[in-house]
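Once you've had a glance at the structure underneath, I'll fire off some questions.
Chain naming follows the written order as A, B, C and D, and within any one chain the residues start at number 1.
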Amino acid sequence: MSQQKVAIVGAGPAGLQAAATLVSLGVSVEIFERNGSPGGHLKQWHALFPHFQNATHALNPLLNGVKGITMHLGSKVSEISHNGNTWRLLSDDGLKYESDAVLLTTGFNLFDASRKEEYGYGVYPGVVTSAQLEEMFNGQRPWPFDKSLAAPKIGFVHCVGSRDVKCGNRFCSKVCCVTAVKQAIEIRKRFSDSAVTCFYMDLRMYGLGFEELYHEAQVNHQVQFIRGRLSEASPAVSGKIQVKAEDTLMGRPLKLTLDMLVLMVGMEPAVKLTAQNNHLALGKPGFGDGFMADRELNTPEYLQVTPGLFVAGACKGPASLPDTIQDAKAVSVDVYNFLKTKS
Amino acid sequence: MANISWKDYEKRVPDDHFFYVRSCIRQTFFPGAETALLNILRNELGKDVFEDSRHTTCTGIGYHSDIIPLETIMTMVARQLSLMTEAGYRNLLVSCVTSFGIYLEMLDMWKHFPEKLEQTRDALRKTTGREFELPQSVVHASDVVFHFRNEILKRSSVRLMNCKSGEPLKVVEHVGCHYAKIFPHEGFGGAEFPSVLSGLVESWGGTVVDYPERRHCCGFGFRHYLIQENRGYSVSNAKVKFESMAPFQPDFIVANCPGCAMFLDKWQYTLAEMTGKTFSAHGHGIPVLTHEELAGLMLGMDPWKLGLQMHQVQVESLLDKLGILYAPIEKYRLAGVDIKPPARPSVLMV
Amino acid sequence: MYHPFVLPFVVGFSVMGVVLVARYIYWLRGMSPGNRQRVLWGFFSRSTLLAVKEILQESLLHLKIFRVNPLLGFMHASLAFGWFMLIVGGKLETWYYTGNFFNPPYYAIFFRYFEPLTEGFWMNGVLLFYMELSLLIVLSGLSIAVVKRIRKKVVGMNNTTRHNPANRIALFFLWMVFPLRLMAESATVAVHGGGSFLTTVTSSLFLSHDWAVWLELPLWWAYSTGLGLFFLALPFSRYLHIPTEMVMLLLKKWGVQPEPGFNPEKGVQAFEVHSCPGCGVCLDVCPAMGAGINSFQSAYFVRQVRAGHNYETIADMCLNCGACKEACPVGISLESLRLDARSHLHRKANFDHRYLHGTMTLWRDTTEVVLYTGCMGRINPKTTQAVKSLLHEAGVKFIHLDEHESICCGRPMALAGAAEQAKMLIQRNRELIHGQNGQLLVTTCPICYRYFSSEYDLNIPVLHHSQFLWQLIETQKLNRHKGNLRYAYHDPCELGRGANCYDEPRNLLYTVGELVALSSERNKALCCGNNIGSLTLAEEQKQKITANTLTVLSENSPDYIVTACPMCKNTLSRQSTLPVRDLAEVMLECKEVNVAGSRTRKKQASVNVTP
Amino acid sequence: MINFGYTASESRHIDMDERLHPAIEKMLHREPSLKECIACGRCAAVCTAGYFTGMQFYRLNLMAHRGLINEMKQAARACMLCGKCQMTCPKGVNIRHGVLLMSQITDVLDV
């Protein structure tokens, strides 16, 4: 029987890992990626929590893993259909592909911070997102304030576009808190006499080594943690930003002028499952609207609305890099088993 | 209509034939400004601005102090409109932002509760035997000045720039809350982005200062300052605003409501006395103009005729920047007679 | 009878004399009138004889060190007593030789140079032999000191004091003096003959005749200079303790009380501070040393207090467990010195407990026992429960004074140096305790027990619950059968060293099971690491001390670690793999189960992953 | 200054722009564990003095970090230094030493 084929939609960490695993299991794979290059958000990242591991150390193995696998870059899959037991994919640049199974690893988009206009993103130059800060650390983006400044003051706002009904996202994006603490420490190391303040609601340092990171930020780097969600950011003299927040532990409002305000933007599904494309739905959309769900959280069986359609990685919900890679491996094995039963 | 964002919302302003109703505070504290507006509209721009001397207060001060029943206010407004109908005008031009809010409120109530309109017509007929029609449009004085800002610019040799350095002046604009916050559709740029004053400033060469407490209330509000016990609340509000704008060192403040202009001006003296601090680098305070005074200066009117010497914060420093000539000895000569200048404040430099 | 080489010795000796007298007078002048009276009365009283006896025992023979470490004791004794023998011997020689008692001081010391050949049974026989024997004794002590410096384990010490430059210089001179004397005397013997066993052997071994002729004078010069330099260095080094300790013993015997407050330059406290030889005995007993923390031990603290600067951080760090005070051969009151230093450091702190007026009024009818569980009582409810059920079992009528809210006994404030500001606590607690008209106060916390007995002067006796439980056992109000469980008893610092109560807890455990012997217990017990006494020890440092103490407590794998203090129990149980119980809990548990009790706490699974 | 019969109220904002007060900076240097407090409230729950007064250590620590030195110093006076809070603190903050330093803080924490 000819080698079975799987189409992987999305060349982020999940897609790359799944491709490598499937190829190692003897399955032929083709990857469709709408951006110009693979790697997803990882390629713009600088250092990973909790041990400041360089992002390229995580990206390179993934990229090496897919050497020799055909990858259609810049082609956005517009149509996935299914008849009998073959799947047909259509991409907007005219590609057609048939496969025995489809693995969606479309991942997440960062929340568009301009939707929280009161934080002044896109209005004041000093307001940036956490992703843009990583680019600054990577040198891919200029710093929005004059680097020779005596004591730059940087603020971090947690939960931007997460746990916020006004943005339609009730869920917690899981990784922004620990990322904020990591970035706060990186800022303190980069600008030795900078003053960093984090405005948080709860600090969800869920993983191993995270609390130690929090400890290091507090004690070694004097990062100030203020429990209070930021209310607004407004312009202050010479391009600085004045922020107002309530310190809910003191029960007092406080005012602070910042040179840079970093918004910890949450995650949103890159492909939003809505009523229209619910034929793709793998059962009712999971927690939070738009994320996909291929099975009930705690049970192994798949909902398998349409057999052969699998999902892996952050498109199922906010996930850290290790979560994504583990999930990609696990789902690849399921895909492989599915193919075995089919042939 | 196509959904446009509030920033670009343009309000419709008629070009001519206005029935003008005065402002109690403006004609009492800034008579020069009132006559300047009429002078500009009639003589400079040749507009037909009719004024009936029998028109009264719009009851704003009483209304906002809760001592006048709603029906009385409706009848008073109706009476004003009857004067307008009698004079054959359909465009109401309102001088004060508070009365602008009241006229709109009454018209809006009549729209939603027609029986109220009938009751008011009935009450007016019983008391004065008068009839009235609803106006076609209600505009504020600053709307009109904004509307004709280019005509004024054409006639003006003055620009809102520092005549020596050519730098555009940094201007703080403060739009009266009742201008657009009650009925967003009644103000240029709606409630969030009122552009009636910033439009003026920018088209006349100045730059607008975007300071953190830009939208904060100036503290005027009849309810706040009428009773002495409340005035602390009023002056504290103004203080928040001044402390927020001070770092930007604005050259002057322009406001479209007589109340805001008066209090932003007067509270600087009070705050100077209370805290010993002024909010300008050189200790003279930040001059406060109303839009008519600014328009008057643009058209070369004599500052003393405009009554600028009656302001608490002296305006000479601004006039020097604008390059407007003035005779210092004329400052306190009214119709050839020297009047005693006011006592010099201890902190605010005059 | 004179040679210029004696000059360095004379200069050194007289300068030392002047400096010492000046300093002593300065310190004595600082004494309060009451103390001056005691000195005058004491001078001609029997206590002076007692003082001389103790000087002989301690300053010369160092008997206290002998009891702790014989080799170390011998080293100190030989150095001190040997030197004393030399001085006395020199005096006898010159007196017998010249016939009059008073000779120039240097004459006795350099007698051998001036009179190389002496005849007669006494001079050439007994006295010569005695002098050389004394020298040999001193040299033997010196050699142990050198060995101690190189390999301290040989002398049975784990740690020796890190000396500052001044002490090292003085030490070097001290070590030079006696060998030089030996060489000088041997040179004279080589030139003129005579000499007893030691010098003849040395001269024949090292000094041929023609060498000796040339070397004799330089050696005497060297000996005199060595002595002179040592005496110059003495007042500014640890060897100041030699004269000062003797004066201190006198003052203490005369009953001189330390001046109030922290003043290391006034009265008996000054003599105590300057009597610290920096011998390092307090290092080995300090529980923190076992955890590798060696910055604040008493040797260093007293040295910095003498120096008058940067004693601040180490004053606050010490656990105040009292181990060093117990072991200090010189008997310096280290704890009060440290607490005085702390109250001086934190003199600006002001606490105000006036809000306590009128709180907790519990006026009830008379009762037998007032039970006070203290602040820590609420953190160890099991201990409180156990004590209460034991009291019920024994039919004792009691009131639990601080069942709902408690006022701190004040000891923690004293340990932080804020004793004066704890007056309000003491006064309010005393009112409440007296208000119950009980016959006995029983407290479950040794920290409170020590303060109740020392500071409160209550009108009823106070006992720690271990003592009271033992009374109940003795009076058969409680009876237990002996089981075969093995208990390791940890002596809380405040109960053992603090209040001298070692036996009652052990008796209790002995009645219900076996008592495991520990390498350091009773007054040498290690501190649990979390003693309220330390102000600035970091959490990790305390945990290291706790871990070290736990290794000692579980060295003979007992079934239970038992203690009598809520603070120790809470601290030890955090890190111990063995179950930790209070005495009361053990007594209660043994009521039901006499046979080996089940281990309630699962051993922490330790998985070794072979790569 | 003229008494107008009314006064302008001060803004209740805490101004975080100035750096920490030097005395607070010195205190935090001498007791770094104070920086670890996450204001979970356990210390206030077990506080012996807290039973009779409003003594809550986590608020003292917050006041320190927000530069409200006088309120902090005033509130610290109720403490009995008994150390129960330190026994329960999940972050191992050395609270007794902290309160002692807080109650003796002057403009310059001189010792």
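As a working rule, a residue touches a chain if its C-beta (ideal position, glycine included) is under 8 Å from a C-beta of that chain, and two chains touch if they have at least 3 such contacts.
None of these values were measured; they are calculated from a predicted model.
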item	value
Distance-to-centre winner among chains (Cα means, whole assembly as reference)	D
Distance from subunit D to subunit A - Cα centre to Cα centre, in angstrom	39
Geometric centre distance via CA averages, subunit C-subunit A, whole Å	63
Separation of subunit C from subunit D, taking each centre as the mean of its C-alpha atoms, in whole Å	38
Between subunit B and subunit C, centroid-to-centroid distance (C-alpha), Å	86
Two or more partner chains touched - positions in subunit D	11, 33
Set of subunit A residues in contact with two or more other chains	244
Multi-chain contact residues (two or more partners), subunit C	none
Chain-chain contacts as defined at top	A-B, A-D, B-D, C-D
Complex interface listing, subunit A residues touching subunit D	151, 153, 195, 197, 203, 215, 218-219, 222, 224-225, 227, 244, 247, 249-250, 252-257
Of subunit D, residues touching subunit A in the complex	11-17, 19, 28, 32-33, 35-36, 38-39, 58-59, 62-63, 65-66, 91
In the complex with subunit B, residue positions of subunit A that touch it	234-237, 242, 244
Contact set on subunit C toward subunit D in their complex	312, 316, 345-353, 355-356, 359, 375-376, 378-379, 405-408, 410, 412-413, 416, 418, 422, 425, 530, 532, 535-539, 567, 570
Residue numbers on subunit D that touch subunit B, as the complex places them	1-2, 4-9, 11
